[in-house]
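Before I ask anything, here is the structure I am working with.
Letters A, B, C, D and E name the chains as they come in the text, with residue numbers starting at 1 for each one.
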């Protein structure tokens, strides 16, 4: 465990000494909860419509697929036309695009980012490496099945998928959301132990709380 | 001045030569930039210790994109390595293909056809334009001027179209194969390329007017991120970063490979060695590349005979024991492959020398000290680093 | 002017109109900005969708009371600003709660939201939020200075602290607008305007590439929805003041829409083509360029 | 290249020389001769640019080969220095004081090959891997496929058939 | 300075230009003509060789059986199934595809919520891009595997025609490496070869220069490797995946190359010793490939084997049915000596039924194998075939082998279009050349050249040697003059060979009649076994089908002590005979092992 995460005594600027246990003090220990859809069906449908038409993507290029994100943000493809935007912080993002392979080191960050996103949240697996390891199938440092570590709504085939394939996946995602089937966040909460077990199996130095809100 | 970090005020140096940074004192703040951070190029992170707005210590963390190519290649046959090498560097993959192919050809004693060499050079120059276009957008974007990125990404996209029709793919072209190239230029390629080049030139003019003749941009970049020319050798600085410091080193001119001996060009250099000069050197380098592409297309010899050299059956291709190093000038500097063979059907060892390795690690860690947090992103972008080639 | 209860529903109506207008107009400005980048940009109703989306999020975590309150403060700043200045000059219905000394209150409200934000951002515990808010506060303080000077100048010029009276003084032809009668003050104020519109080169408190995205880093779901509303409303409210003080106010809604749009566009016009300053550069810029103009404006009155 | 080798040979005991190209040669150097040779090359022969530092695992010969590739940028020639290390006890002197960038290379070699460079700054820090607890992955005896199969789950349900066997079964169904 | 403030505003000129956005990117932008999109496979063209699987560095391709394909023998019956959870669209599979069946479309959109679904068999599982015309196809001139066969040196026609020396020289080391390098190790040949020789492995041995290892591999499955290296019918080459876009690998010549490059005296050592004596005795009738293969196997298993051969030399049909210019006798002798070195005893000039009775063998030995070959020629039975100047090819060939002076007249007609017809024609041509200095010989074949039975190179070489081959000629009558001397053969043009039901029933165009001049007519239309040795009792007890003994899959007849193998069971084919030999040997060993177990009880 990193030094900064260990229990220690700290002297504050005012000279007051106190004990700090970062993992307990700085983080929330609560497990995620499944949030049921709105009681009224019509309300939920309206919400789903709004969610599907306003997709905010977390600007986290986890792998090579991130390079095809730029054409989407720029004139040629201009995904903004379709209600898609990029947000720099996980708190405000709804869609996490895992753009290709995830090394174990990135997986750790990806999980943290994913957990910091708010329910409902969606995950898009981009490229063959998220489906079954892709060309890194025998690499010692990349995960093979993304859906073992976080719930994935859609996968896009390609290495790497073209921007058009991504746009097609946004269209597909909109359909899935409107149909009320994009319940990844709840699935994550319900199968939390299973996901955690999978994650901990590959992340050897687990030095973070089990759940980052 | 950046290079003798000013430690007079803070932090104190411990007896063991390490910095005495006590985070709990409240004087220092630890900031992580990345890996999820819009100001970071690619997937890497900076661990910054700041005091006020000033960085007192920076550490670069890489490895988020590590796939172990060098290991994977050891268990792939020589032809099987060909599709995976391009993945080492995403924005400019062709250099991997070229360096790998050239290394294998040298070790196996294969001579490639003349036209294949011209097509390879064409692809490398096209890739360079693309990479610089991304850089220009990134440099402006790091300072909050998104509009430049819009234009450059658009023309890069046009170039990707040319790539697509030539190579059959947008990003990972997998076209420069050991033994030659996969196919000839498609019909009418030259004309469409000329249109694209014109569009690029128009965009470069706009970029020049809006980005380089811009009071605020100058304010943010001039005199910042100075690299002393004396550091160039000891820190292994290559490419535009070195040329912006006035050191006219360009592998294309120094150790001409492929058809560069047949092309006319002069390495672009700058004087001030700051962020502005580095961007400007790159901008002028694109102009040169555009010119080179034109030269290549007009001077390329007609096709006579197959583009591919006669390869042995690739399914059991064995190469005798040997080692070599192949380098080329990519957009970021010297790109090289060190390949060792042992007489079997697999490479014994492949080591990729990406220019970002030295630029983003030792150089950036040293330059980042005493820099305002606001300039960190811009400084990092100005070194033009791509993390995947650091950790491979 | 005396207070009448009917003013409350009237002002709420103003508020509604302005909010809806603000949402569309911001989207339109975004589309125009996108044009400079040679693309189409967001849909004109995208802001509403984003708002509904944010309200529809199921979970929202909190970092403490101030974290709750900050968006409320922020929105209060926006609404308050709007409600205490007259929207449509000469209209009983849309004069809101304007009163004699409202100019001072308006100045206060411009600052109010930022302060609220500071408290909330600090509570969120994110280092970038803290950096962002410290940058923001320093810059807003600095940017307010030329504005205050310019307001002072015109207050002296018109001998009143009531916005309504200032508007009234400018009626009767555009040559009566402050922008022509006191160009120096307006220049100083417009410089300050740039500084407070959260656009380049003065968006250093958001600066996605440096401190993504500053104070609101931790905000999400309905908190963010509130802040979004304010993000759209507050600039419009501020533009309303500028319009009233310097550009002759508006006597009916079409004029209002047009003037607000054009004044707002000014910030986008500059913002798109410049990168952002560093914080000390920004402050120096206000000191060197804006403040002297403001002082000159006062001196020349 | 050979001239350079002959010239060096008069000053230092050198090993094997490979003339790879006009402008690239490899010279085997003794472990303790490396530093003087490096100084000489840098200060007197103009090889001022450390292109790369890497290792090759010759597991059959039970040794590591370290390759220091130097470049003379004025004359555009490169020389690779090979240093053979005992695989059982891979320790090498650090050269970060000659080229600061070497520290990064050495850090990587420590992590990926398990070759130690005492006193190299930050050599024990995690560089690329995080929480790695197996053999250093670039060693030849580390089997990446085996590790990958054991650590990560592959998608199930894939079956393949050997064309020869399958065809044989079809053509000669009676054969055992 | 002022310029620096104003210049950036030029960006706004774009406000009055149309955006460059693609309005409907999902439909407006098809992939480029060369785009490497999703895979297509022409399943009918595909042979399921699995080369794509071998080259895929992502292990993305599985070879899976496809039910609707029902063509055993032509291909492996497998088709590539691609896992898009692995694929990287490098198109190496397309580049290496031996038939060119695998291509890529220019389609690229596939979004799915179930990750398990990204696997499909191109061309079999219907996909929307199946009919896309654009996309990546392997460019011309671009091959990752060499596709032309290494040339082998051989004697020129005028040089070879005057003697019986072996025509081909065999590969040199350099040629062999070039040829061996072409193999893609798909193994379709292994499956097709009746003896299942490990072809890719011994070809690999050639590449590595490991001839002794190669020889060991050869003799594991074929004790007649030297013979097969020259005269095998090489069915392996007919399925070779290299033939689709080039020449098939010269597997036969490569085999020969190995045997040529191991010194004769090292054979025995490399092939290995035998197991301890079991004390069992087996009699084999006929020292041909089938019989001797069985002998080889059984001897290795430790049994005592005695081979009874009616002729004076070993080799059976390989010696007496194949002319020397194709199969030099010293090679054959060496081959047999290898087998003999394992302790196999061969009794020459021993005709069963005459010198030893069948019953005796049954009594004296634990098992008996009948491998008597096909030494009797068939007749066309047209008018005049009973004339003494009408001969049968096998008889003539045997006479030539035995060194008898065979008198050939100046003009000869051969009936038949198979390899035996070519053999006899070319042998007679050589004799003619030796006697008269010129070749005057006509071959009339029932089949046309498109459906010719003989190997193409045999036909080509025959033409080179001056032999006149006429196709689609149906023999009608031997033309005999008043003196009873044969003067020629009358033939009609063949319209079709088989009737509508697919039965052999040729129909002729009677208007197209030719009389081929020749004072000797040789019939080479097929052979049969001389089963007189069996005796009436046994003949009756055995089960027969179309003149051949019926055996079970292991080669055993309905008599439990008697096995039959080789040409007399399966028709003429050396490699089949060898395969038979192995099978029978296994069966005999199993049987007598059982018998032993029984007797112990």
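By definition in this document, a residue touches a chain if its C-beta (ideal position, glycine included) is under 8 Å from a C-beta of that chain, and two chains touch if they have at least 3 such contacts.
Here the structure is a predicted model, which is why all the values come from computation and not from measurement.
> State which chains count as neighbours of chain C and simultaneously of chain D.
Expected: A, B, E.
> Looking at CA centres, what chain is most distant from chain C?
E
> Compute per-chain Cα centres, compare each with the mean of all protein Cα atoms, and return the closest chain.
B
> Higher C-beta contact count, B-C or B-E?
More C-beta contacts join the chains of B-E.
> Where the centres are mean C-alpha positions, what is the separation of chain D from chain E, in Å?
Here the centre of chain E sits 49 Å away from the centre of chain D.
> Using mean CA coordinates as chain centres, what's the gap between chain A and chain C in Å?
It comes to 35 Å between the two C-alpha centres.
> Just how far, in Å, is the C-alpha centre of chain B from the one of chain A?
It comes to 29 Å between the two C-alpha centres.
> Centre to centre, by mean C-alpha position, how many angstrom separate chain A and chain E?
60
> Which chain B residues sit where two or more other chains touch them?
Correct list: 30, 37-38, 63, 66, 68, 71-72, 75, 83-84, 147, 150-151, 154, 172, 210, 214-215.
> Would you please write down the residue numbers of chain D that are in contact with two or more other chains?
If we look for residues of chain D contacting two or more partner chains, we find 129-130, 137, 142, 144-145, 155.
> Residue numbers in chain A touching 2 or more other chains?
Chain A, residues with two or more chain partners: 74-76, 78, 81, 88, 105, 131-133, 135, 137-142, 145, 159, 162.
> Pairs of chains that touch, anyone?
Inter-chain contacts occur between A-B, A-C, A-D, A-E, B-C, B-D, B-E, C-E, D-E.
> In their shared complex, at which residues does chain E touch chain A?
My answer: residues 19-22, 25-26, 29, 31, 38, 57-60, 83-89, 108-113, 115, 118.
> Any idea which chain B residues touch chain E in the complex?
Interface residues on the chain B side: 76-77, 79-84, 147, 154, 161, 164-169, 172, 174, 182-184, 186, 206, 209-211, 213-215, 218, 306-308, 310-316.
> For the complex, which residues does chain C have touching chain A?
Touch residues, chain C against chain A: 34, 37-43, 46, 49-50, 52-53, 55-61, 208, 212-213, 216-221, 224.
> Under the definition above, what is the set of chain A residues touching chain D in their complex?
104-105, 108, 131-133, 137-145, 148, 201-205
> Along chain D, where are the residues that touch chain A in the complex?
My answer: residues 129-134, 137, 142, 144-145, 147-148, 151-155.
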